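Order of writing sets the labels: A, B, C and D. Residues in every chain begin at 1.
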Amino acid sequence: MAVSLSARNITKRYGAVVALDEANLEIRAGEVLALIGANGSGKSTFTRVMNGVVAPDSGQLLLDGRPMRFASPRAATNAGISTVFQELSLVPQMTVAENIWLTREPLRRGLIDRTTEQRRTADLLALFAGTFRSDLAPDVPVQALLPDEKQIVEILKAVSINPRLLILDEATASLDSRQVQRLFELVAHWKEQGKAIVFVSHRMAEIVQIADRYSVLRNGRTVGEGAMADATASDLVALMVEEAAVASVAQRARPSAEQLATRRVSLQVDDLRTAELNGVSLQVHEGELLGIGGLKGQGQRDLLLALFGSLPYSGRVTLDGQAVHCSHPREAMARGLALVPGERGREGLLAIRSILENLQIPSWRDYGFPLQMERARRTAGAVASRLNLIMAGLDQPVSGLSGGNAQKVVIGKWLLRNPRFLLLDDPTRGIDVGAKAEFYRLLAQLCDEGTTIVFYSSDDDELIGLCDRVLVMHDGKISSELAGATLTATNLIAASLGATRQEATP
Amino acid sequence: GGAPGAAAPTTAPAAAPTTAPAAPAGKKFTIGISNPFISSEYRTQMIQSLIDVNKEYMDAGITNELVIESADTDVAGQIQQLQNLINKGVDAILVNPSDVNGLNDTLQEAVSKGIIVISVDQELNTPNVYNVGIDQKEWARISARWLAEKLGGQGNIVLIEGFPGHPANVARMDGVEEVLKEYPNIKVLARDTGKWDEATGQQVMSNFLASFPNLDGYWTQDGMAIGAMQAVLAANPSKFPVVVGEGRCQFLQLWDQRLKEDPNFETIAVANPPGVSPTGLRIAVNMLQGKQVDKSKLGGANGLSFVIPVPVIVTKENFQEVFTTVCKDKPATYLLDGIMTDAEVQQFFVK
Amino acid sequence: MRRLTISPPLAAVLLAIVLFLLSGLLPNGFGNNPDIALAQAINIVRLSVFLGVIAAGQTLVIISGGEGIDLSAGAVVTLTAILTYTIVNGQDAQVLPALLAALVIGGAIGLVNGVGVAFLKVAPLVMTLGMAGVVSGLILVLTQGNVSGAIAPIMTRLIARPVVLGIPGAILIWAAFGALMWLLLERTRFGKHLFAIGTNRTTARLSGVNVTGMVLGVYALSGMLAGLGGFLVVGNTGVVHIRIGDPFLFPSIAAVAVGGTLLSGGKGSYAGAMAGALVLTLITSLLTTMQQPESIRRMVLGVTLLLMISIYGRQRGFRQ
Amino acid sequence: MRRSRWQDVTYRNPYLFALLLLIIALAVNILLQPNLVASATLNSNMRVFLPLILVAIGQAVVMIGGGIDISVGAIVSVVNALLATQIGINGDPGTATIMMGAALFVGMGAGAFNGLFVAYLRLQPIITTFASSFLFAGLALFILPNPGGGVPSLFTAFYRETILLGLPLALYVIALTLAAWALVRQTRYGRYLYAVGGKPDAAYETGVPVRAVQFSSYVVSGLMAALGGIAITLLTGSGNAQVGDPLTLSSITAAVIGGTPLSGGAGGIAGPIMGAVILGLVRNIISFANVETWWQTFVNAAIIVLALAMPGIINLVRRRNV
């Protein structure tokens, strides 16, 4: 059952865009190959060629040494290749069990054997036991799950065929650190079993930790390959992006606690409650970058949505000393709030509309009647170049952008409004290092200009490197506050698990 | 309005008279009407005059309620209407059928339960089901003959018909063709359906006028005549064609309007009376009272049709009279009508 | 390798022109007489106007997404045509009040549709279908089958008769109307928000678009436009009957589709719907002139629709 | 994200609301017409409802698969025209049986035509079947330009009068389709249908033969429309090329009242069956409640709108009370 797959000179074009340009890849049983590259470099496309979803224009796939042509994802599955898709392949209306076993339902006399199906699902869920809510059960419809739980189901679905080659396309992007660790334990185990694993991620730490070898894509071309042991993180970054030096680790010059204390409190929240929040109180100063940490699904999303007026809540919210109660995002926007939501495709983008319209939807009201289109194009173009957005033009539909570039559009539409309060729900998910560095600079600049930022991230390094303070959430409450010296990785993880209560730094 | 005695009985019955179940003394009759289409003035007037005529009988203590099953529906829906009437235990059913064969089984079921079934307006060829209505073919011949004569037996015309294939339309168009056969020099340039509504008739006529600028005349029927006339008035062609009208006050208004511009204007309007249904109600009541139908007076495909003569024909001779008397206090949508009196329907029964 | 693409409105206009030229070749077509051809062309465009105006509301509702469609348009046209007819009652002075009434009543019915769709989450197809029944019922209750009234001379003059250069008023009204629709869709916040909610309502909401308000507004507007359609239709025909609007309903949807508006929402134009209305009117008129029976007409209409949507209505494939 | 108990219950039993409505409608109807449940009356009602029930089942299958079929009414008309012309009032039972079998293939063929365009040529379902409905309606008129023809009374009598063990024929037909559906739900095909309706991209990536499943759903709908066409022909015994027209929109309404959303991936056929029966019962109720003629259409439509809006109203009220 030892497997080997090699892809030779794969080319794939989408209209004028060359997604893959003679790309190569080699993987063998028992190893983890990190497929890395900047946003839009072709990683997802490459994985989709390997699993039969995309038909390459040219090039060859060799499976176990024999040339292979997958006519459909089904053919690839039959050959033992399974995939965790970046944008998930789950049917929302169907239950966890139905999703996991779709096309491979256990049968008895030709009919589906539900009992066996439930049992097998429970067995699979046990692999991640303890890292998700009790809501995640075999017979729950997937649409009722949180993003990280959906991600886990997607992983289990891929694993359930007992594949020889497992492709993980940004499978860790929505997972919290505990879930990632569990996944890595499993990956190590699967490696021992002789499975081959393709691992796509933008988190350098994860790559360094798990991968045996790497393969780097730049603009659809394979620009480097080798053993992980022989390379440093900065070597890889240098391969990925053309400009040599990019800050791969979040860093920002922070004001001291004293300095912050002298500023006025611009956002104050008292006893905020929603279905998921059990009374949250916090204060943020003008120009402060407040981090929100914790495991996935502890109410961070609700906190941001409620502040943005998108969820009904009880409690008091005070902006610049004035009590407000926003019941619709547009009221929040009018008060200078902006939210970069967590699920880019579902909540942030208008897929078939142009980049221009995506950037300008919150702002059309500023362009008069009839709309001043020239001015709208100019401002949108400025933001796009400021974010280094790679696109064919402002009139291109966003559906053709890579994940990371699409995320830039979501951020860009709020930058156009110069918000005074910026709420960020895991904004760097799926963003490459170059864009991340640019984004970090942007955050720093916004803070300096006096923007108040509330920043939830599933990436602990970001929180540690960037934030003035981090509030860790657990079970719908703020369980601890970390800042200055107490803001360390260990403390963050400990607080996430709800184990200890850290004292705030004086 | 009354009925000119075109079909007045003269001779005594020859065939064996049919017997209707005689009601026990003192029992009041319940009559049901099933109507599958209400969105037209014809049907409106029909239902209203049924109610009025039934009121007469109710006041006389002969019938009690008139059960009305009337809604826009399809064949299945009308079957349901009829079943409901049967389940409500009516003594007679008047039915304006939406389909010539589709109701047969259901009507037979009613007949087998001893219910008197009369099809109004539309002739059915179903055993034991009576029909009450005008002779559609003759109705069309009247105006077609007038048109042909007015054209002096020659010219180019177009025809706007109702739903192709609808039995009434088929009978009417047969009548028109029969007449036109006698006038070989009248050429039919085109024929199209106005679907029996004014707006479509108007649209079709507009098309015709654009395609045939030198039209000599046209034949049409019912409400389409108003639409067609509107189209001609709007297009205002250099030569005003010879037009066929309809027996409705609204058309008479157009006629009057045209007369003001052209005192020599002439047309014809033949009434298609909704009153055949209340006439049918009178026949039903008489049958329920045990009167025997004089079968020799009946006509139609299966010899079960009460043929009602056309009550009103408007031409230039009686236009002013009809327009100023009948239409004076009626809405524009009023259809020239005629309901036989109880005395008049006696002609169909054995004395 | 670029795929040959053609903009749907353009494709529809081209088809209309080809059909028109073809109709000239028929035995009783205009042949090579430019005067008759012009008269015929004007007549066709004039007949397309009413369908075109009614299709405007349909365009907006369909672009707004969420399976948006307005099946009550036909019934609303009928109701407002009857209202216009009775209110005007032959008097020029009553024309404006009648127009106002048509717009208000149409808008109110549209608003009820909007409430059902936006607040009660009823699927638009069945909500508007149900409302079509309710409005038809209302017409029966109100008229009891009898409609009396008359249109005013000024309406005939403005709508049905030539106004300048032999062009009927209805066509001029339509041209101005088309420009307004373009402005509304492409150059106002409303238009941009409309495309946004048609594409993704969650995104739209989180970008500050008042989704509920937009949905309510769009259905109300569709009702108003159907009301305007009813007003124009009766102005043209000069007569009403109790089903005058019915024949416009399905063609209004077909016109939108032929014009390339995505029935799933978020993409489309009114220019397309205008071209679509022209195509449909032409086909009907062509087949009438050719003396084809109803069966052939329907089949031709079906095949044309299938062809048009096959040209540009194809959806993305799963395998890329 | 978190769902209430009510949402959970309605998710698991999409037809719950239809069942509630059905019980209310039945109760009101029996109150007004006590003999409704007598087997003859039940039969006379059910035989009228059956064509719509059959068509609504097919519609529901397409809707579950994420599509919609605007052409079902026209397919019913084609089948009716075919049977009425090819069998005839005096036709012999042999021909009649063969023609009815052939009608099923015609229905499936029409469905396959739709399926070809929707699934393989990837056109939008609503507009495709809208277009093909013109084609089929034209075909029906072509076969039978004028109402006429029919089937022998032997057959209509069987359809109209068969009552087994006190229960009408229609109930056995319904039981049969329900049993068949229960079986389908136990198969992979059943799962595929829901997956394809729920999220076709995901289903494709998982290896579900999406196109084939979409295609098949239209064939099923065509088949059910053909069965509906046979039923309506046996009910009326006559031919009319427009007999199916009203069934299209009614079948969608019935499916929606029965808890099958137009967005696909959810619902079932028990609900649509109940939905179709509810639509019929409402007409009965209006008739027996002696609603004034001019109000009937309005009352009927208003009740349907209310029924459609009721789940939304309940949710709205519940949300206010949270």
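What we mean here is this: a contact is a pair of C-beta atoms (placed from the backbone, for glycine too) under 8 Å apart; a residue touches a chain by one contact, two chains touch by 3 or more.
The model shown is predicted, which means the values in this text are computed figures rather than measured ones.
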Message: Under the document's definition of touching, what chains do chain A and chain D have as common neighbours?
response: C
Statement: In whole angstrom, the CA-centroid distance of chain A from chain B equals 74
Task: Report, in whole Å, the distance between the mean C-alpha point of chain B and the mean C-alpha point of chain D.
output: 36
Task: Take the average of all CA coordinates in chain A, do the same for chain C, and state the distance between these two points in whole angstrom.
output: 45
Query: Rounded to the nearest whole Å, what is the centre-to-centre distance of chain C and chain D, using the mean of the C-alpha atoms as each centre?
result: 30
Message: Going by the contact rule already set, what residues in chain B reach two or more other chains?
response: 38, 47, 72, 164
- prompt: Which residues does chain D have that touch at least 2 chains other than itself?
  reply: 145, 201, 204, 296-297, 300
Message: Can you pull out the residues of chain C that are in contact with at least two other chains?
response: 136, 140, 144-145, 262, 293-294, 318-319
Task: Return all touching chain pairs.
output: A-C, A-D, B-C, B-D, C-D
- prompt: For chain C, which residues are in contact with chain A within the complex?
  reply: 1-2, 183, 187-189, 192-193, 195-196, 199-200, 202-210, 262, 266-267, 318-320
- request: Report the residues of chain D in contact with chain A in the complex, numbered from low to high.
  value: 1-3, 11, 183, 186-188, 190-192, 194-195, 197-199, 201-209, 265-266
Field: chain B-touching residues of chain D, taken from the complex the two chains share
entry: 33, 35, 41, 44-45, 48, 51-52, 89, 145-150, 153, 156-157, 160, 232, 235-240, 243, 245-246, 280, 283-284, 286-288, 293, 296-297, 300
Query: Okay, in this complex, where on chain C does chain D touch?
result: 67, 69, 71, 116, 119-123, 125-127, 129-134, 136-138, 140-141, 144-145, 250, 253-254, 257, 262-264, 293-303, 305-306, 309-310, 313-319
Message: Please output the residues of chain A touching chain D within their complex, sorted ascending.
response: 51, 53, 72-74, 77, 83, 85, 88-94, 98, 102-103, 105, 107, 110-112, 135, 141, 144, 146, 157, 275-276
